[in-house]
Amino acid sequence: MAAQPLMRIENLVKHFHVRLGAFGERAATVHALDDVNFDIFEGETLSLVGESGCGKSTTGFTLLNLHRATEGKVIYQGKNIVELDEKAMRPYRRQLQIVFQDPYSTLNPRMTIGEAVGEPILFHKLATKAELKDRIATLLADVGLPPRFASRYPHELSGGQRQRVAIARALACQPKFIVCDEAISALDVSVQAQIINLLLDLQQKYGLTYLFIAHDLAVVRHISDRVGVMYLGRLAELATREELFEHPLHPYTKALLSAVPEADPVHERSRKRQILQGDVPSPLSPPSGCRFHTRCPIAMDICGKVVPEWREARPGHMVACHAVTEGLPG
Amino acid sequence: MLRYIATRFVVWIPSVLLVMLGVYALAYFGAGDPIKLIFLRAPGDVAYNPERIEAIRESAGLNRPFLVQFGSYIWNLLHGNFGNSLSSGRSVWAMISAAAPVSFKLALCSVILTAVVAIPLGLIAALNQNTRTDYAILGSALFLWAIPAYVAGPMLMVMLIMILPGSAVPYGWGGIFDVRIILPLLVLSFQPIALIVRQTRAAVIEVLSEDFVRTARAKGVPEVIVALRHILRPVLTPVVTQLGLIMITIVNGAIFVELVFGLPGLGRLTVQALTNTDYPVILAITLIGSFLVMISNLLVDVLYPLLDPRANDTRRSR
Amino acid sequence: MSNQNNEASASQPQITRRNALKLGLCTSVALGLFGLSARIVMAQEGQVLKVAHPAFNQDWSPLRGGGPPYRWNSAWWASPMYFDSKGDLHPYVFTSWEPAADNKTWTFKIDPKAVFSDGSKITAEDVKGSWNVSAMPNTKNQRADQVLSKVAGYADVSAGKAKEISGIATPDEGTVVVTLSEADPIFFMRLGNHIAPITKASQSRGEDGEEVADWYMPTSDAVYSGPFKLTSIDLDSGKLVFEPNENFFGPKPKLARIEIDSIEDNVTATSLLKSGEYNAHTELVTSTIVQDLGASFAEGPLIPTSQHFWFNSARAPMDDPKVRQALIMAVDREGLMKASFPDGPHKKTDQVINSVPGADKSGFEPYPYDPEGAKKLLAESTYGGPERLPKLLFVGISGPAIEAAAQFIAEQWRQNLGITAVDMKPQQDAYAGPDQNAVQIFRDDVGTRVPDAVSYLAGSIASTSSNAQNKLGGYKNDKVDSLLAEAATKSVDDPQRVALALEAQKAFREDWSFIPWYAQAMSRWATDKVTGIDKNLDWQVVAPWDISIA
Amino acid sequence: MSVVPMTTTPIEIEPPVSLWRDAWHRLRRNRLAVFGLIVVVILAFAAIFGPYLTPYDFLSQDLNSRNMAPSLSHLFGTDDLGRDVFSRVVYGTRTAFLVAIVVTFIAVLIGVTLGALAGFFGGWLDRIVMWLTDMTMSIPNLLLVVVINASLKSPITSWMESRYLATLNPVYRETIWVDFLLVFGSMALISWPPYARLVRAQVLSIRSRPYITAAQALGLTNRIILMRYVVPNALGPLIVAVSAGLGTAMVLESAFSFLGVGVNPPTPSWGNMISDGLRVWQHYPHLLAAPAAVLGLASVAFSFLGDGLNDALNPRGAK
Amino acid sequence: MMMANDIRPEPSAKTGERLLDVKGLTIEIETRNGPATIVDGIDLHVDKGETLGIVGESGCGKSLTMLSMMRLLPNKIKVTKGEANFAGRDLQKMSNSELRKVRGGEVGFIFQDPMTSLNPVMRIGQQLAEPLIYHRGMSKAEARKRAGELLKLVGIPGAEDRLDAYPHELSGGMRQRVMIAIGLACNPQLLIADEPTTALDVTIQAQIVDLVKDLRDKLGMSVVWITHDLALIAGLVDRINVLYAGTVVEDAPVDALFANPSHPYTQGLLASIPKLSDERSARLSSIGGTPPEPGRRPKGCPFAPRCPLVEAICHERVPTLEGLNHDGAHRVACFVAQRKLEAA
């Protein structure tokens, strides 16, 4: 793995200010993202997992500057891109792309597939008008769609086909980096597999870097090089795939892994699962200290008071937990 | 909530002042000279006497500059003095306070009648979607929608006079519990009823496809209860909102109904004031009308969280 | 069994609710029926004249001198003298009127029996005070000028410079002496109406000399002088009730009550008259009135009032006499009547005046209907034809008959002259202001309250008249003015008075300034059953005490 | 190179269908909407060509055949000046369409501009526009129209007159359009708030759609997003509102004509004819029935068409 | 083969008494191109005490079958043929009031999205009390008391206080627990769970699965669990029916299905699930193409256009569900699989 990261995320914080109550009389802050640090290396697939509301999608949006970060830095090609205004950001937009969860709602229903895919090409002047048709056909072929789909509208396509279009549109920018925000969650199992295969193929072909945001651990394990686990706006653990799945350190990671069902009835019936009690607290008033301590089976006194340090417990294995003693000096 | 109401009120004041200034300016610069109007309506055998007209103008303070007049008007208003009507010399406040309750009672009864008639009809139509019942209800609603009040009013009235001679003539005002009120109330409510029937129907059809209706049925809840508790209840929120907005329709429609049925309400006063270019009265009506609309909007806003428990917790970004 | 039912229903809340609903429904139906029958049950306590009134008037002060309420002034106020339907003058409050030789000073004697409704005497001070308050600028009496303008000192009061008309003297309780600023042989006739009614001055006039607000209301303990007194008035629902004045000094009224209800819509009013609910109307003009209520409802004698379309000669294209002439000659006035009043009661007229002595043989040559000649004249005018004519604007198009007439005229112009740019407004109000000049054609009536051609013409074509000033665009013809001024000085029985007036009218003809329309009939506006409802020139019942219902 | 081998091609039967054509298909299946559409088309035809096709001139009077009942020679009878009511109703269609189009056009122009600005830029602009909207809606309609008419018409008309006399330019001669512009301008002035609200709500809702975020992620400029994403998607509901608004404007005109502030005679308008007919309907019911029925039909037709368009353009549940 | 710690007795130990027996049920939807068949003559059954898993991709008709059988779907969707017997009575022939007694009384439901499936403007307690009032004839007070107990049963902390809460005041997991409590309120013989965990997070999903499992064992009812996630129900159900385009393509005991998937669709489905225990492979095996839309079902086997093993006959005739000769309980609707096994 290259030592120099493609993107470095430092102390990223994102708070949303909202008004509550029937008359909007109460102001409140959603702590969507707090003090998140990680690197993304060129050519890798880094996955972020966690339950809904944990901030994994917010991370994706914030580091692409689609949400303006409250604090922190996202350093890409030596520039802190979260500080850039929309105009200065534009050249980076081309290189940093995103594929969303619901392909239908992310395609303009009034534009044909060809227009949708061709628009970024023309806008970023990646091809002339004359070349456009061929370019669109190539892109559609890349994602496994016949060229005649160019004249269709999104509503005529199936879910899997739409997601292919969304990928083609992202590819049209010739990006270096793609955030896949729950890109396969809305698809049926058999189609999911097609898209996963497509993503892996494209990564090989174009040397793409993925930030893969998902909640399905099986898929994440299948596709990732490294995996980060998020809980309530903070990173709980980050390690290579093997490391994380073989030696999970954080109690939340352990619970998460334990909750995943296996397609094996015998194993499923026999295994003892560790089931977390209770619900995820509201991001409007996150618990003090370690945010997981309210549900943690091994919570200690300190957990409610002190925010655990984000540290390297084993080589390349980052974790934030008071109970993990590995890698501590002494 | 009180703060919210206060805020709305504070925002309303400058806007109504601006509107009144606009109306005042239009009346002052554009419309005819009210004093002349009163005197020139006299038939031709009257000698032209400009001196007399000027004397009246002066004693009424109508020869002062525009802003001074408007300022003194507002100043008087703040002291609870709405001034006197130019055409009759009566106190505007007396005229308004006599007329407003009539319109208000009429509008309130119309809203109640609309709610009582239209919501059940809309519900029945939606529950029998695309059947004869549905078409009958929708068809009647459309018929009511297509007949303007000023056509329906006179026709119904004359028919009643002809069919039931000696019965209470549906003309004039005898209080809201007087039989004479039935016809104007009906005519006033025709269009609101048509509107609410259609909206309730649409809202119910939307709710019908909601999962929780299926849940209610899956629980084995009797259809009547499903219709009333699970379908109608959630529909009430948007419909009540519509009822609030319909106040505006009713206030506008009241003009015709009051004219046709001789009801001494604000609508008739408006037309009278307009034909007489009686701007103290016009301004007072503008103020009252704007106030009523503001209040009914406010009422809807305040009622909303009471009807929909979700409203208290949903985020509003106003 | 019913017991069981009750118990069962008591234990089931839904059924109770349904019962409650039923009960409510029954109650409302019962109430409705009761309300309906309540009207039928109401007893007749003598003859009641039920009048439909076309406006919700907020001001019923008898001092207004005009407007729909004025039509009922004779019911509750006594005038100095009164004209009967034949035009003969009768004593009323004043028993005698004597001019001095120069026609400048008049002496009037008050009937010693004349009393107000509280039994107090009508005094000379009351007459003077009533006339003073009528003249005050804030009183807004539209026609005070017509009665009092020639009284010495009136101008100062009406201009706000004085509070007492200097020309009125009260040597004793029963005598009023009036000094005029100029000779007026018909001054006594000007008093035969209710324009400046005689009120109890202590009630109607405040200390500042202005009219006391709402002084005439029963709630102000007002006293009245007419055969009836106002017993209740509700301005907001537009209902008035008059009952006989026991102390009235004239004949005892036959009616037990007069009820006036405001009913603005003519179709409704017609239906109510037809159904017998009401038996009279203040003023009802509809195009189907004959079909609705029979010819006798609206018929009546012609009166000295007429309706015409007046040209504003100050306004282009009316500034060109040829255009005016062409416009007049292009209109078939037979058709005009057919379009507006095919079934009467009004009659076509060719001249300004009608129904006054001299009107029938005036020597006024009717304007011809000559489309070809009109076309030629228009072509000869400075505008050269219909294309370059500015738009012609009618105002005062406020009723169905007037609208029909205006549309007929417009259509005649379109067909005969090719003029298409014509527009008509319902109200002239908006044009009474500074922008009055935008209007070329005013529809309005002219007339007189006295059977006198001079007064008639002075109010319609003399340059001082409101009509000349406002409708004819400041019309001024020196010949007309001097002839009328001379005629006004002649006494009533002097044939020169009429002759000079007719001369003035002939001079006016040559200015081609109006389209003559119709001579107005005084409609009864009462059903056949009502008798004794003859009216004077103010559309007031001449002898309200005579009204009865068969 | 195709990365994923397609085992088989998806079944394709229908040719590509654009959303508009799809909506058209849905509209065609809605019987009521088709009825509405047919009526509207017939009325529009009557408005454009009707006056050239009617057997009588709508102005020519025949005082010998006044108030005639409907017959073969006069389909809807004649009025009190012996004019053919059918011809007048047909010409009234032209007036009604003119009114409806002028009023709706101005109202939409004001409403869309303000609503789009408010929705897209938000902040204080939004607050001002919403304040303006609420304010306009809180003034009694009639009052505003009458006051504006009474105040502005005569000054403008006399200004036109003076311009005409000074320049003899025929542009200033015909003041009928000033009439239209003022009566209908003032009607438009009370009709725009619903459009502004609708467009604002649309823009706000479209702005929060994922495809806008997607477009931003592509780096597209605000202008492109507005023109290619927001506007086309807000168009559907606007078309629906405009369709319903056309009917409402026609009814509004007739209401104002009833009160005497509409189109001036002798130009026939349904409202004029209705208010004239109301005076004599007991004797000559056809004089009221003909214009009232046509107005009712038009109002219902536009309402059907609006409902149909609503279903066709916003297919909930339709895939 | 049996595991010692398997709580459930073997399916074969069941009474075998049919609780629900659906035969040849055909469901059509009215579209603008006329009626389209969504479910074509489906056969399935649930025995007393048995837990059946129904698996399929979206649009295969798995929920439709269960819901339209109970007439819980809009008028546009209608059962046109076939019968559905519940405890010996045909649901299709029942009057509305009879059916109403079955719904919520004898058959409980849990739906996919607890947010939309609960009435947003009614308190939890009222919603929970409804089936008790209408099926058990309880008074409001009794029903409320029982509702509190039910909430406790489904593991909602502070159950009594939650009775007055509105659905939006609860978390997703809690809402689904409320749904379960409603479904179980009248001790139904059959609980139909329609993708009850799809809208939930992994950890909550595990809670819900465990809860249903516990309650089933405690109350001894039959369960139909509809899902698209084979892994999820692996440890939960006794038997699985795999649906494709409105037909059952494979019906097998859970162990047999995972051990020996016979229909090419089932095989493809299993193969396309990434497993935690798998190594990262270059690519997953997947099924190409997309399922047919309703009304556009191909002639012959509906899976034929996507089937890797397709033969000429598959395009001609529709295969029926046949028992495999080595195991009558394992049935499959595929010419190729049947022939292969016969040959074996």
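Read from first to last, the chains carry the letters A, B, C, D and E; within each, the first residue is number 1.
FYI, a contact is a pair of C-beta atoms (placed from the backbone, for glycine too) under 8 Å apart; a residue touches a chain by one contact, two chains touch by 3 or more.
In this text the structure is predicted, and so the values were computed from the model without any measurement.
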Each chain counted as touching chain D and chain E at once: A, B
Pair sharing more residue contacts (C-beta pairs) when B-D is set against B-C: B-C
Chain whose Cα centroid lies at the greatest distance from that of chain A: C
Inter-chain centre distance, chain A versus chain B - centres from mean C-alpha coordinates, in Å: 54
Distance from the mean Cα position of chain D to that of chain C, given in whole angstrom: 44
Euclidean distance of C-alpha centroids - chain A vs chain D, Å: 49
Geometric centre distance via CA averages, chain E-chain A, whole Å: 32
Where chain B touches two or more other chains at once, by residue number: 31-32, 154, 158, 209, 277, 313
Where chain C touches two or more other chains at once, by residue number: 267, 271, 427, 429-431, 433
Residues of chain A engaged with two or more neighbouring chains: 158, 161, 194, 197, 201
Touching residues (chain side chain E, partner chain A) in the complex: 3, 5-8, 57-58, 171-174, 201-207, 209-210, 228-236, 254-255, 258, 268-270, 272-278, 280-288, 290
Chain B residues touching chain C - in the complex, by the definition given at the top: 31-33, 36-49, 51-52, 54-56, 58-60, 85, 87-90, 95, 98-99, 102, 154, 157-158, 161-162, 164-169, 171-174, 177-179, 182, 259-260, 262, 264, 268, 272, 275-277
In the complex, chain D residues that touch chain B: 131, 134-135, 137-143, 146-148, 150-152, 154-155, 251, 254-255, 258-259, 274-275, 278, 281-282, 288, 292, 295-297, 299-300, 303, 316-317
Residue ranges of chain C touching chain B (in the complex, touch as defined): 31-32, 35-36, 38-40, 56-59, 65-67, 137-138, 140, 142-143, 145-146, 149, 155, 158-160, 213, 235-239, 261-265, 267-268, 271-272, 275-277, 305, 427-434, 444-449, 455-456, 458-460, 464-471
Residue ranges of chain C touching chain D (in the complex, touch as defined): 266-267, 271, 286-288, 291-292, 316, 335, 338-339, 342, 388, 390-391, 393, 397, 400, 403-404, 406-408, 410-411, 414-415, 421-427, 429-431, 433, 435, 437-438
